[in-house]
Structures are given as structure tokens and as C-alpha cells.
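Same chain, two partners: subunit A is paired with subunit B first, then with subunit C.
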Partner chain A sequence: MIDLRLKIDDVPIDHPSIVRLRTDVVESEHDAVLIDRDHESQTFDLAGYSLRVYCGPQTDLDGDVLLVVPGRNSAHRLVRAGSRHNTFLVTEQCDQLCVMCSQPPKKYHVDLFEQFTVAATLAPENARITISGGEPLLHKRRLYQFLVAAAKARPDISFHVLTNGQFFEPGDIAIIDEIGRDRVLWGIPLYAPHAELHDSIVAKRGAFETLSQNFVTLMRAGAAVELRTVVLQQNWDVLPRLADYTSTRLPFIDVWAIMQLENIGYGRMNWAHSFKDTSLDFGQLRSAINLAIGRGIQTLLYNFPLCTVPSQYRHLAPSTISDWKNKFLEECGECALRSTCGGFFEWYKADQGFGGLSRQ
Partner chain B sequence: MTVFPLKFTRLASDYLFADDAGGYFRGDRNFLERYAGGNLTASDTEFLHRNGYAFDEVGDPAYLGFAYRWAQRLHRPQGLNYVILVPTLRCNLACGYCQVSRVNQNTTGFDWTEDALAEVLRFLDGMDTASAKIEFQGGEPLLRLDLLQTVREFARRKFKDVSFTVCTNLQSVSDEAWTFLDASDTFVSTSLDGDLSAHQRQRTITSHGTDQFVSNLRYGIERLGRGKVSALPTLDVNNLPTPNQIIETFGDFGFRSIFLRPINHQGFARKRYQTTGMDERWNDYHGRFIDALIEHNWTADFPVEEFYFTHCLRRVLRGGHNHHVDLRNPNILGKDYIVIDFDGTFYPSDEARMVTRVGQIDLSLGSLWDGIDQVKLDVLNEEATNSFHPDCIHCPYQAACGIDVIDDLSRYGRIDVPKRDTTFCRRHTAIFEKVFELLYSDDKKAHKSLAAWAGIPEFDSSLAPVHR
Partner chain C sequence: MKKRRVYLVPSLIAAGFMPSKSDAAPLVGPTKKNPATTLFERLQVKQVYTLAGHSSHSSHASHASHASHASASGGGYVLPRGDYNNSTTYTQPDPTPSYSPNPVPVIRSLPTTPNIPATTSTGSYPTQVAPQSSPANTAPMPLKTLPGNSDKFRRIVIQVQTALIAFGYFGGPVTGQVDTATRVGLNKMQDAYGLKVTGTITPQVLTAFGISTN
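== the complex of A and B ==
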């Protein structure tokens, strides 16, 4: 597991600041250049002050972007220059309480969009930044401002916004256009093809109805959408019908991501009655996948260890677990598929997990 | 609730119902009567609504999902990105059916002039696209390797992403030509007329010629890699190899995609071979070929496809499958691809070039020097859609089908012949009938092939919805 927070010595700042760490060149007022390095830390020059970051001497911090908050002895590593998995958690508030939530909501919100805008402009070339929450669109006006500003400042970068889709309005089409339709991939979950089940999974009455209307808005906007469905015991039986719904109502989506459960947050709490062991029973997925792909919907399996997937479906399962939170088990050691497998979540518990793992 | 209009036709003992967006299902006579009589039951409306054949109000998700799928079925032509070039009409073979007209290898005056070459480059330079595909036709294009080299060098500089296909008979390939073909952006397309005896009868004439071709083809596959060489069979409907002979011959070279084409009515082929009134015979053969493939694939290590059948199957299953220029709707000509002949004349397709060469009708579209004849092009394109054609709008296969104005003109000299009397319609009707026969079959062997051809891991019966 890679730490997304780095221990630092206190720095004399009075508001949350963005710093980019550099080993030699300085290109921006936000850049802090390396001045010292020892076995437990690297020290950077930040506008005359020393910023001491604790990490191993081998750790490459060049190009990493940190969020430093006054009075805190740890910095958020917002952008890791060498990683494809950079996420800005823009709020922890949410209007839904999904049974599988990996990041349960909190009540309070601190607006750091200004800092996120600076951080985005400092990201490495062609970076794709994930915007996550909570529900980012609860602060829609600020989010859009951030996306417009960052997209304009950096024509090379793109965004993957994870949202429950509840807050889009027909009037948003103009701003989605302004940000750039090909600049944002909206990752939006749909758990069932009908209101009763979807609403109960996300614990919000009327969520399905609102979401289906908002998909219409996104279709009209020409937005790029990644439809996300976490496989659960709750929706297992309706997956083929969800495939049917997707192919008839949502033919405009870019990709349908069928996802395995992450056992953290509510996902861990609800594990026993939510986790569906697809290594022992792949049945409904077969049907759903073949119908969806047959009808022209690109369909992928996220967070499925390759050995849990029947061989003729493995090409649909890219390695998707973020580099900072994936791991491999002892029995993965000699596995022939290891180099293309995403492995397991760091918090995966073997005794409650897949019953059908097998070294390939 | 409003049901989107359904069209229907017989499917075994039942009926196939289809809508304008490409949705389809199988239903029985009773359902047909309930639908036609306006007496739908609750279970009918539930089925129709759930599966996207009906909507509650304009603008709701079911309505817009349908609208999107309908729009996906339409081909929206991009800017020009595919150019077929004929640098020479000369050829070192004299195949009896040669569709493109050709002249003997030593005849003069049938190659691009210096001026024509310069104009071709100027034409390419004027293209407003980042990626392009350039196909060299002939004649035998390798007879003018120098022209191919010049065009390729220029195009590589001009386009960000470009690939080249050399349509060659592989009869005589110099060391220099092999080196040219080695490049990773350059592909080979050749003819292999079914089995070797038909190939000799139709193309190489002597066993020495056949040996030369076979050895070049084997060498080419080995040297360039299997993925860079493809072969097409052109078949004489009056003298057809058995399906298995073709499957085995192609399999012997490692080809897994076979694009069966009957000797073309167009061009000089018409004069020598009887090619009219052959539709039924060809359709029957094509159907038997598909059956033979299904049998073959049941035990084969790698599935083999008939390219055009796969294409039609995918067009039945989904929208947006428009990469093959012969079958799309609307089929706007002279827009995303164009043919430039040895004398610099533009044609909307290779078929149009052949028809014009035999003097049947002039389908040329101007030239490198005069530019595109937009007036003529507009006349052709006015009818280049099946969307409003009085015959097509009642056809359940309409959404998956296309239109071919050039084919109609070349066969009948007009485009207003009733569709069911045209070869284009008969052939496609037969293919789509076969597609649905297989989709609704419960034969495991058929399912295995269908899955391979549709690009899905396994066949699922939900791809063949039924309502009673």
C-alpha cells in the first residue's frame, strides 16, 4: 500500500496551500525544490522556508503535488507524478447511503476547490484526474468552476468524475459543453433496472427516477458516461435485465463497468449479505455481459481478480484496483496471470472473500 | 403507452417483429392479431415497454433511448479519409472475369503521368483529416512500385496516422517490392479464388502460374506476418467449389476470415459470364457455406467467419456498425472515400469505375484537374438512403440493411426497380433471413459460431427475445 499522506514538519502557512515538489527545476511559484535528503526525509525549499517531508530515501517525489494544511503534520499527496491513479476527494458530504459505499459520508464540508484548481494545473502532462466524494455535485457550481478553469488552463488533462448523477439539470448542458464533452468521463452508478431495488440499494427514495431523467440530460449533452454497477447479492438476479435496460435506455454510454465489491466503509459493514462470490457462480454475469456486448455496449469487469473470471471473459477484466490500495495474496506468487491482474484491495479478507481462487 | 411501429415477416412457424431502431423479437400469430387489432394485453404492454419497443411520453428515457438507437443506425459520413488509387491499369495476369478492365503489361498510356502523380499528391495534401487509409488498386499496382513509394512517403509526412493496402495478385514480387511490403503500416490484399483449381481456371491458367502464386502467398504470410495479409475469393456461380474446399484451402494458409464474392456483374465480367438470374443459386450457396462454417467451427481450434455474414449479423445486433462501405444507410457517395483512376478521373466507388469502363453509364465524378462533379454527385446522393423508400419502410430488415445506388444503376440502368426485384435486395434479404434463422435456432453448434462472429464470449438466448 502506498501512503497518500506524508508526514511533514510544521510549516508557517496561514491557509491550505498547494506545493509541487521538484528535485531540480523550478517552473512555477508553487514549486519547492529539493535542498536536502537523508535516510528518513527529503527537505524542499518553499519560498524561503524548509518543507521537510518524511519518506524513504528511494521515494521519488519529483512532480508530486501536495496539499499542505496549516497546523497539520501530514500533507495530502494529491498528485503522484508517476501514477495513473490520482484522485481529488472534493467533499465528504453525500445525499445517498449506498450499501457498498467505500467512503461513508460526513456532515461537514471544507471548500478546497481553489487549491484543487492549482493542483490540477500542476499535474503531469496528459494526466487524468479522478474527482470523487462524497457526492461532488452537491457543490455543483464550485465543481463546474473548477472543471472549466482547470480544463482551460491545461488542454492536455482530462477528468473522471464519480457522481451519483442526482444533481444534473437540463441547464447544465451549456457548461458541460464549455468544459469540453471529451474532457470529462462521468462515472455514474446504476444498480438495478427498476426504482424499488435501486432506491433501496442507495437508500434514497426517488433516486432511480431522478437518475433516469438525468441520463436523458447527459445523452442530450453528448456527455461521456461510464455506467458503474457493483455486483451485489441484492442485484444479482436482475443483472440480465439491467443489461437489457442499459442497451435500450442508455445506448449512448461509453462503457458499462461491472464492479466487484470493496470491503471497506459500508461495504465492509454489509459484506455478509452483499458480497456475491462470482468465483463460484458467474451465471447472471454471463447473460448480462453477452447481451450487452452483443448489442454494442462496451462492457468491462472492474476489480475482479482474473482467476475468479471464466477464461473466455478475462479479456474484459483490466487491472483496475488503484496502485496505492491493491495487493496480491501469498498464493498469487507463481500465478501466470499476475502481470495483467489487478489483484485484491488492500483490505480484502481472504476468509470472507472468494471461495474459488486458483493459481493459473 | 405508445408502441413504436412494428414491421413483421414470417419466421419459421411464427413471426419476426422489428422496429425502425433495429429492435426485434419473435412473436406468434395471436400476438400479431392483438397488435394489429389494437387489443394488446397487459403482458404485451409490459413486454413491449420493458424491452424498448414502446414509450409513455415524448422525451422520457424509453423514447430517447429509442431515438438514440435509431440515430445510431444512420451512417454519418466523415470527411474524406479513404482513397483508392489506381496508379496503373497494366497487369501481368489476364483473368477472364477481370472486373476492372485491365491492359497488357507492356501497353503504354495506362499509368499515371508525372503530372497525374503531382496532382494526386496535391489532392492528398488537401485532405483535412489526421488519419487516412490509402488503397492501391490496379491493374497490378506492384508494376509501379516507384509510384507507390512516392505516395507512401508523401502520405506518411502528411497524415498523423496512415495505413496502406496493396491489392496485388502476388504473381511476381520483386525483392524491392517485398522490402516495400515489410513496413508495419503496409498491408497486402490478394485474390485466392476458392480452391486452387478454381484459382488456376480463373486466374493463373497454368500450373506454373499457380505454383508461383502459392509460393509467393506462403512466403508473404511468413515474411510479413499473418495479420498483414488477407485474401478474397471471387467465385463463378456456374462453377462453384464446395464450401469445404474453400474452408480447407483458406485454412491451409491460416486465413480465418473469408469474404465470398460472386463474379461481379459489373465491368467486363458481364460479357463473358452469365451473371443475371443467378441470385437464388448464389443465395443458396451462401447459406450452405454458412452451415459448413458452423459445422467446421464446432470442432476447429480457431473459428472461421464469412466476412460479409459477420458484418450483417453485427448490423442486426447493434447500431453504429458502418465500417464496410458496401452496406450502410444512408450510403452517401463521394464523401468519406473516393477512387482516383489511372487517368486521374474520380469515381464514387470501384464498382462505378468498372461500370463506366464498359461504357454502360458514365459514373465518373470529375477529375484531379477539374475537381469533383458536385452536381452529378448530388443527383446520386439524393436517392442514397433506404429510410424513406416505399419498399424498404415495410421491411423488418431495414435498420440493418443499406442501399447501393451504383449496383442498381449497373444492373438495371435505373434505380426505381421494385426492391424485391433487385439483386441487392434479394441477396440481403437472404442473408438477414439466415441471420434470424440462426439467432432463433436452438442448435448449440450455431450458437458457438454466432458468438464468435458477434464478438461475444458465449451466445445468450436473450439476444433472441421471444414474446407470446
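== the complex of A and C ==
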């Protein structure tokens, strides 16, 4: 597990600020260069002020972008230069209450888009930044401003926006064009092929209908869409029908991501009646994958440890669990698949988890 | 029966048996490109993206884009609320779930494990280009994100510069910014006080001058 927050000594500021840590060169006024290091910390020259960041002596902070907040003795590591898993949590508000939500919503929102814009411009070359929430499109105007500004300032970076798709409007097509259609991958969840079940899983009446309408807008916009379906006990039986729905109604999507449940947030609370042990029963999933792939939908399995997937389907299961929150179990030991396997979520509980794990 | 015939010709065209209109179109000079993007063009562009995305699929290691549920755990960013005039609230539109999750938030323990060294990156970091405001977005984002632009930060620097002048390590002017002359003064002062010589404002400098950051 990699810490996304770093303990720091207080910095005298009165609004949230962005700092990029560098070991040698300074290229931006946001850069703070390393001036000292000891066994428990590294000290950076932040505009003439000593910013002390506590970390192990081996930690490489070069290029990391921090969000420093007034009065706090910890900084958020918004961008880790050595990682491909950089996520900006732009809001914690949400209009849905999904049974598997890993980041349950909160009432308050603080607008940090200004900070995120600067952070994005300081990211390493060709970075891909995930925008998550809450529901980012609840603050659509600000989100679009951020995406346009960051995309223009940095033609090399791209974005992966995780949204429930409830707030797209036909008028958004122009702004999607302006950001660049090839710059954003929209990750949008769909849990069932009909309104009743989807709406109950996301706890919002009318969500399915709205989403269906908005998929039309996204298709017309030529937007790149990653359709995301978390496998649950609730939708297990309808997975083949969902594959049918996806391939007939949403054939324009880039990829259909079928995902395993993450044992955190509401997902942990609802684990007992939501987690589907696909290591013991792959049946409906097999039918769904076969149907979707047969009809030309690129289908992938996210967050599935490789040994839980029948060998013929393992090539569909890339290592997707973010580097800072994945782990391997003791029984993984010398497993031959370890180098390509994403392992388990940090918070995975073996006694409630997969029954069919086996070293390969 | 007659109805079927209506579909016959278009389906032949679709199957490529008949010349399409563009083949027969007279050759004209480069026409002005229609500014409105057609659906066809949009889908064409997307193909490029699909291929680009696909190529990365071959290397599993680069699958980061499909970050699992990208939950920013460790929770959100801890911020004092309502301090920046941009805090808003959102009220749930009273969902009537037939499957209602218990709305009690699950408290997540924050990891305290030591940092695992991040992979060394050999990439270069492009300098920051000031984000341009888009014509579609009237309000450009004011950049209040630089620590040195913070009033509090400048106030501390001014206090330090004043103290350096008072104790004879610095000849001014008081600017609120740590410039070269200030750094030289800090070096001298730190050396004279037996502090670690950094040329920056350290907690020891503040303590020695009795300057509080609060």
C-alpha cells in the first residue's frame, strides 16, 4: 500500500496550493527543489521556505505534485510521477447511492478545480489522469473548464472520467469536441439491461432511462466510452441479457469492463448480499462474455485475480487494481501468474472472499 | 411484395454492388470543409482512439487507465470547510430505493504504512504552461494556487526580512519574496545562530526570531 498522503511541517498559506517536488531542476514556479534529506524526511525549498516532507529515505518524490492545505500537517499526493494510477477526486457529492460504492458520498463540496488544473499541467509527460468522485458531472461547468484548460495546456495528457452519465446534455457535444474526443475516456456504469434493477442498484429512480438518453448524446459526440458493470449477486442472472443489450443498443462503446466488487465503502457494508464468488461459478459471466465478444464488443475483466478466472478467459483480465491499493495473499507465494495478476484490493478479506483461489 | 422492392436498391448499394454517389461525383476543387462534424467523421476519429487504446491492451502493465473503481481512498481531501467561499452543499434528491444501502458512512482506517518507493521515473517534466481560458468558458480560472502568492506566506517572509534587517543580516528591501539577497541574509543569520544553514526560512529561523506562523 502506498500512502497518498504525506506528513509535512506546517506551511504558512491561506488557500490550498499546489507544489511539485523536484530533486534537481526547477522548471516551474510551483517547483520546490530538494535541499536536504535525512532518514525520516526530505526538505524542499518552496519559494525560500523550507518544506519538510516526512517519508522513508528510499522514497522517490521527484516529480510528485502535492496539494498543500492551510493548517494541515499532511499533503495530498495528487500526482505520483512514477505511477500510472493518478486520480483527482473532484467532489464527494453524488446523486446516486450505489450498493457497491467505494467512495460513499458526502454533503459538502469544496471547489478545487483551480488546483487540479495546475496539478494536471505539472503531471509527467503522457500522464493519464483519472477524474473521480462522487459524481464529477454534478459540477459540470467547472469540470469542463478544467478539462478544456488542462487539455490545451498539455496536449500530451489524457483523462479517464468516472461518471454515472446522468448529466450529459446534447449541448455538451461542442465542449467535448473542444476538449478533444480522443482525450477523454468516459467510464460509465450500467448494471442491468432494464430500469427496475439498474435503478434499484444505483438507488435512483429514472437513472436507467436518463442514462439511455445520454448514451445517445455520447454516441453522437463520438465520445470514447468504457462501459463499467460490477458483477453482483443482484445482477448475476441478467448478465447475458446485459451483454445482449450492450451489443445491440450500445455497440459504439470502446470497451465493456466487467468488474469484481471492491470491499470498501458501501461495497463492504453490502458485501454479504452483493459479492458474487466468480471463482466458484463463472457460468453467467461466461455466457455474457461469449455473447459480447461474439458480437464484436471488446470485453475485459477488471479486478479479477487471475486464478479466479478460467484459463481461456485470463487474457481478458488485465492487472487493474491501482498500485497503491493492491496486495497479494500469502497463498499467492510463488504463483506463476503473479507478474501479470493485479492481485487483491488492500482491504480484501480472505474469509469473506473467493472460495476457489489456487496457486498456478 | 411491392414494398420489398423499395429496399432492394439501397441494400445493393450497401453491399457495394452499385456505385456509390461519391464515385460518380464530378471532380471539383477542394471544397470548403463543413465546420459541422458529421457523425461519420466522429466515429472515424474514434476509431483512431480505439486502436490507440487497443495497443495499450497488449501490455497489461499499461492498463492503468482502467483503474479499478479509482476510488480515492484515504477519503477525500481534508479541507477546513467553507473557508474559500467555494464550498457548496448538495442535497440528495430523496431517492426511494428498493435496495437502500445503509447511509451510515463506513469509517475507513487511514493507512499508516511507510511509503513504498515509487518507481523511478526517467521522464522529463514539461514546464507549466498557463492554462488558457477557453472561448466557450467566459470565466478564466484565477491562479490562486501558488504558495508564494498566499498573503500569509508573504506576511511571514516580510516579518523574516524585517527581522533580518533589524539584526543586520540583510539590507532590504522588504519585498515579501525570498530573493537572493534575503537568502544571503538567511545564510549569515543561520550561521551566526548556529542553526542549520539552508538559506531558506526554517522553523528554527522562525523560532529564533519569535515569529509565529499562526
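Definition applied: the second predicted complex is superposed on the first by the 360 of 360 C-alpha atoms of A that agree within 3 Å, B and C clash if a C-alpha of one lies under 4 Å from a C-alpha of the other, contacts with A are read in each partner's own complex, and residues count from 1 in each chain.
Operating definition for what follows: a residue touches a chain if its C-beta (ideal position, glycine included) is under 8 Å from a C-beta of that chain, and two chains touch if they have at least 3 such contacts.
Computed from a predicted structure; not experimentally measured.
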item	value
Touched partner set for A:Q233, first subunit B, second subunit C, both or neither	neither
Touched partner set for A:I2, first subunit B, second subunit C, both or neither	second
Which partner reaches more residues of subunit A (counting touched residues only), subunit B or subunit C	C
First, second, both or neither for A:P318, with subunit B first and subunit C second	second
First (subunit B), second (subunit C), both or neither touched by A:T210	neither
Partner chain in contact with A:R72 - subunit B first, subunit C second, else both or neither	second
First, second, both or neither for A:I13, with subunit B first and subunit C second	second
First, second, both or neither for A:A257, with subunit B first and subunit C second	second
Set of subunit A residues, in rising order, touched by both subunit B and subunit C	220, 252
Interface residues, subunit A side, partner subunit B - complex	212-213, 215-216, 219-220, 240-241, 243-244, 247-252, 286-287, 289-291, 293-296, 310, 312-313, 316
In the complex with subunit A, residue positions of subunit B that touch it	23, 50-52, 59-62, 64-66, 68-69, 72, 317-321, 451, 454-460, 462-463
Residue ranges of subunit C touching subunit A (in the complex, touch as defined)	37, 39, 41-43, 45-46, 48-50, 52-54, 57, 60-74, 76-81, 83-84, 86-93, 95-103, 105-106, 108, 110-121, 123-134, 136-137, 139, 141-148, 150-153, 155-157, 177-179, 182-183, 186, 196, 198-203, 213
